[in-house]
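Next up: some structures, all given as structure tokens.
In the two assemblies presented below, chain A is common to both, partnered first by chain B and then by chain C.
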Partner chain A sequence: MTNSFAVAFAVARKDLTAEWRTRELVPALAQFVVLALVIANFGFQIDARNAPSIAPGVLWLALVFAGLVAFGRAFAAEREQASLEAMLMTPASPVAIFAGKAIAAGLLLVGCEAILLPALSLFFGTPMSAPIVAAVLLATIGMAALGCLFAAMVARIRSRELLLPLLTLPLWIPFIVAGGHAVQVAMGAGGSYDQALALLVDFDILFVVLTSLAARFVLDE
Partner chain B sequence: MSIVVANGLTHWFGSEVALESIDLAIDAGEHMAVLGENGAGKTTLLRILATAARPTSGRLQIMGLDALRERKRLRARIGFVAHAPGLYPALSATENLNFFCTLQGIRRTRVAETLALVGLSEVAKRPAGQLSRGMQQRLAIGRAILHDPKLLVLDEPDASLGSDGADLLATVMRDRTVVLATHDHALANRLCQRTLVLRHGRSVGTPTRLHLVQ
Partner chain C sequence: MNKYEKAAAAAVGLMLLAAGAIFFYAPTDWLQGPAQRIFYLHVSSAIAAYGCFAVVLLGSVIYLRNASLAADRFARSGALVGVIFTTVTLVMGMLWAKKVWGTYWAWDARLTSTLVLWIVYAGYLLVRRLAEPGRQAARFAAVVGIFGFIDVPVVHFSVQWWKTQHPGSVIVRDALPPEMLATFLFTMACTVVLAAVMIAIRYRIETLADGQVAVIEERSAVVTPREAEPTR
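On to the complex of A and B.
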């Protein structure tokens, strides 16, 4: 019998080990988010007064596009090397395999966020506080679950690069709205931070459960 | 006793028929070769027998279980070598097999023994991406037998194996029921008791070894 936790852990570790050795994704994503911040820095007339209202938007835009690339690669690489079928030909639960892929892709995005948040603080002069980090990390959980599910769904389709954003972005909107609000409040805007964070937790639970249920059918067929 | 019993296996890709009404019965320990030109339906048949694909219609029983409903249980008893090796190039040969041990729910003690069996002990620590195509194929064969499957489904496993490839295949096929797709009639004749010849997705007979030689 296979242990689902052991399988999820092994899949995540395998993906992270492969990334550590090849350094294919994280350096490229880090470069992308820094470039996005540089462009935003020159594109907007940033000063101490408007920075807290512009910075959250730039943060989420950079995060969303970095996420699309990270989650897209999670399954595209498996398809390219024909290794997904080898994994699915074992008695391991497809849900555990999916969870492992989502955890690894989510952690790679967290690695990218570790560059994005200090860089945002540097370019926009906004504070980097624990509430901002908490909101971004909570949003990453749900975004990783949804992003990986759709990445698995479109991985075998030729126009996957086009389809992945079209399917994923509409369902990421709740995370962008709640996460964006939480970050704005943490940067000094009015509103309830706790309420936005609670909403993020609710969305995380909802989408993690839904994607786990759907993953079995997406991966097994 | 038949390990594999198929009735009317048919598979369509859109409007193209890939397999048409294939009936099969393979006994325990029997080795069956599947022959045919490119596009004859060999890979489609093997993928269905390995539970990697579902037929459009027809019935398939493997080891007494309905292969369309009991895929998870059967996958613990089937070893499959597909066209592509499907390895992780950044992981070493040992790490690749260790990973699949976890997925199979078996102990890692079999890894060293399996690597020795497929002749890869000396390159066990080398990343799979740096192995030659033949070595990758050996590793894929090692992965397929890691969990000691009763049924082995091999899709052109001889491709890119070296001169001793047939000996390796004979070793891993011993004491197992095997379905082997190949273009090499001599290999089929050496390793298998029976053949199924496919043409345009249809069975055009199951000649015996004697017929093949003739």
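On to the complex of A and C.
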């Protein structure tokens, strides 16, 4: 058991070190989300009155598409160098390897959120409070698990860029519904924040368990 | 006529009988008018679609457990037929909604989850087409099939906070007059038979296609070593 945790930790550290040395993904994603905010600004007529009702939608749209890019990249380097096969040949359990990849990709998305949330607050004048950060971070856990599972799958399929959003987005909808609701409430809309957050935790547990059960079938292929 | 053609003809005959019951036997609803007649086929095809996706789930789980080719073929057939019935459900529901609600679409729990259902299994069919045929396609699709089946109730549940506009279950609440109930039950039975026949025919097509793939692989396996032989 300790061994599995050590493997997951080692894989995650490897991915994060690679990202730290190249510094490719997070700067690109940061630029991407800022651009998304600029486009949203011109797509909507944003002023101080309607910003709290538009900002949650813009936040989740930018986050979802940044997530697709981040998780799509998670297996790109492994595929190019066929290093995933090498990792799978070791006695380490595939689930631990998968968990490591998901943790690293999730943390990279958190890095991107660290740009997105302040930028949103800056451009849209909405508050950046702890409840908003908590909802986004909780949603990131489940999104990373699901996103990495399908990224691992499409990495071996033709037209992977086409397929990843089609498979991942429907499964992310529960997180967007609950997370979206939580952020709306935190930005001043009516409703129950606690219920939304509790639901996010439930979804996290459900999908983390499911993806770890399914990871074996996807990675072993 | 082989047995598949006979079954198909019987299913079409049953559907025509159901159409007769819907238009000539069932009374016109006093509030919704003739638009209410959409209900019979709309709900029946939704039930048939759920049945098909249950077949996908079952086939996928069995395939992941013991790599049974037959289970995978059932899953494949179920997904295709299920997507067709979901399309029918969505289109008929939208027509009804335009007439009764005044709009084609509302983001209500049942509509949203049905749309997600459609997208998930359309994705399932795409995975089948794009993944390498054989073990890879079957495994990946099985994972998608299982996740999709779990995702739909979760989406339904999470959207349900907001007010739901979709009519509740009139059948369970005993709100239908006997003629309407009889028409509905008959239509539902016919639709389920139609779905079963479609799955059976599709299963036959998949079996033949798998057989052809196997024959092609067998031939290429026979040809390649001979070509690889060194010429003396």
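Criterion: the second predicted complex is superposed on the first by the 219 of 221 C-alpha atoms of A that agree within 3 Å, B and C clash if a C-alpha of one lies under 4 Å from a C-alpha of the other, contacts with A are read in each partner's own complex, and residues count from 1 in each chain.
The definition used in the following text is that a contact is a pair of C-beta atoms (placed from the backbone, for glycine too) under 8 Å apart; a residue touches a chain by one contact, two chains touch by 3 or more.
Because the structure is a prediction, the values reported are computed rather than measured.
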Open item on the list: A:Ala189 in the overlay: touching chain B, chain C, both, or neither? Say first, second, both or neither.
Closed with: neither
- [ ] Applying the touch criterion given at the start, work out whether A:Pro91 contacts chain B, chain C, both or neither, answering first, second, both or neither.
- [x] first
- [ ] Name the contact category of A:Thr22: first (chain B only), second (chain C only), both, or neither.
- [x] first
Open item on the list: Once chain A of both complexes is superposed, is A:Ala114 in touch with chain B (first), chain C (second), both, or neither?
Closed with: neither
TODO: Determine, under the contact definition given at the top, whether A:Ser83 touches first (chain B), second (chain C), both, or neither.
DONE: first
Open item on the list: Is A:Lys14 touching anything from chain B or chain C once the two structures are fitted on A? First, second, both or neither.
Closed with: first
TODO: With the two complexes superposed on chain A, say which partner A:Asn3 touches: chain B (first), chain C (second), both, or neither.
DONE: first
Task: Contacts of A:Phe203 with chain B and chain C, given as first, second, both or neither - done: second
TODO: May I ask you to decide whether A:Leu35 touches chain B, chain C, both, or neither, giving the answer as first, second, both or neither?
DONE: neither
TODO: Residue by residue on chain A, keep only those touching chain B in one complex and chain C in the other, then list them.
DONE: 221
Task: chain A residues touching chain C - in the complex, by the definition given at the top - done: 146, 149, 153, 156-159, 162-163, 166-167, 169-171, 173-174, 177-178, 181, 191, 195, 199, 203, 206, 210, 214, 217-218, 221
Task: Residue ranges of chain C touching chain A (in the complex, touch as defined) - done: 64, 116, 119-120, 122-123, 126-127, 130-132, 135-136, 139-140, 142-144, 146-148, 150-151, 154-155, 158-159, 161
Task: Residue ranges of chain B in contact with chain A within the complex - done: 50-52, 54, 71-73, 75-76, 78, 80, 82-91, 95, 99-100, 102-105, 127, 143, 147
Open item on the list: Going by the contact rule set out above, which residues of chain A touch chain B in the complex?
Closed with: 1-3, 6-7, 10, 14, 17-18, 21-22, 81-92, 97, 220-221
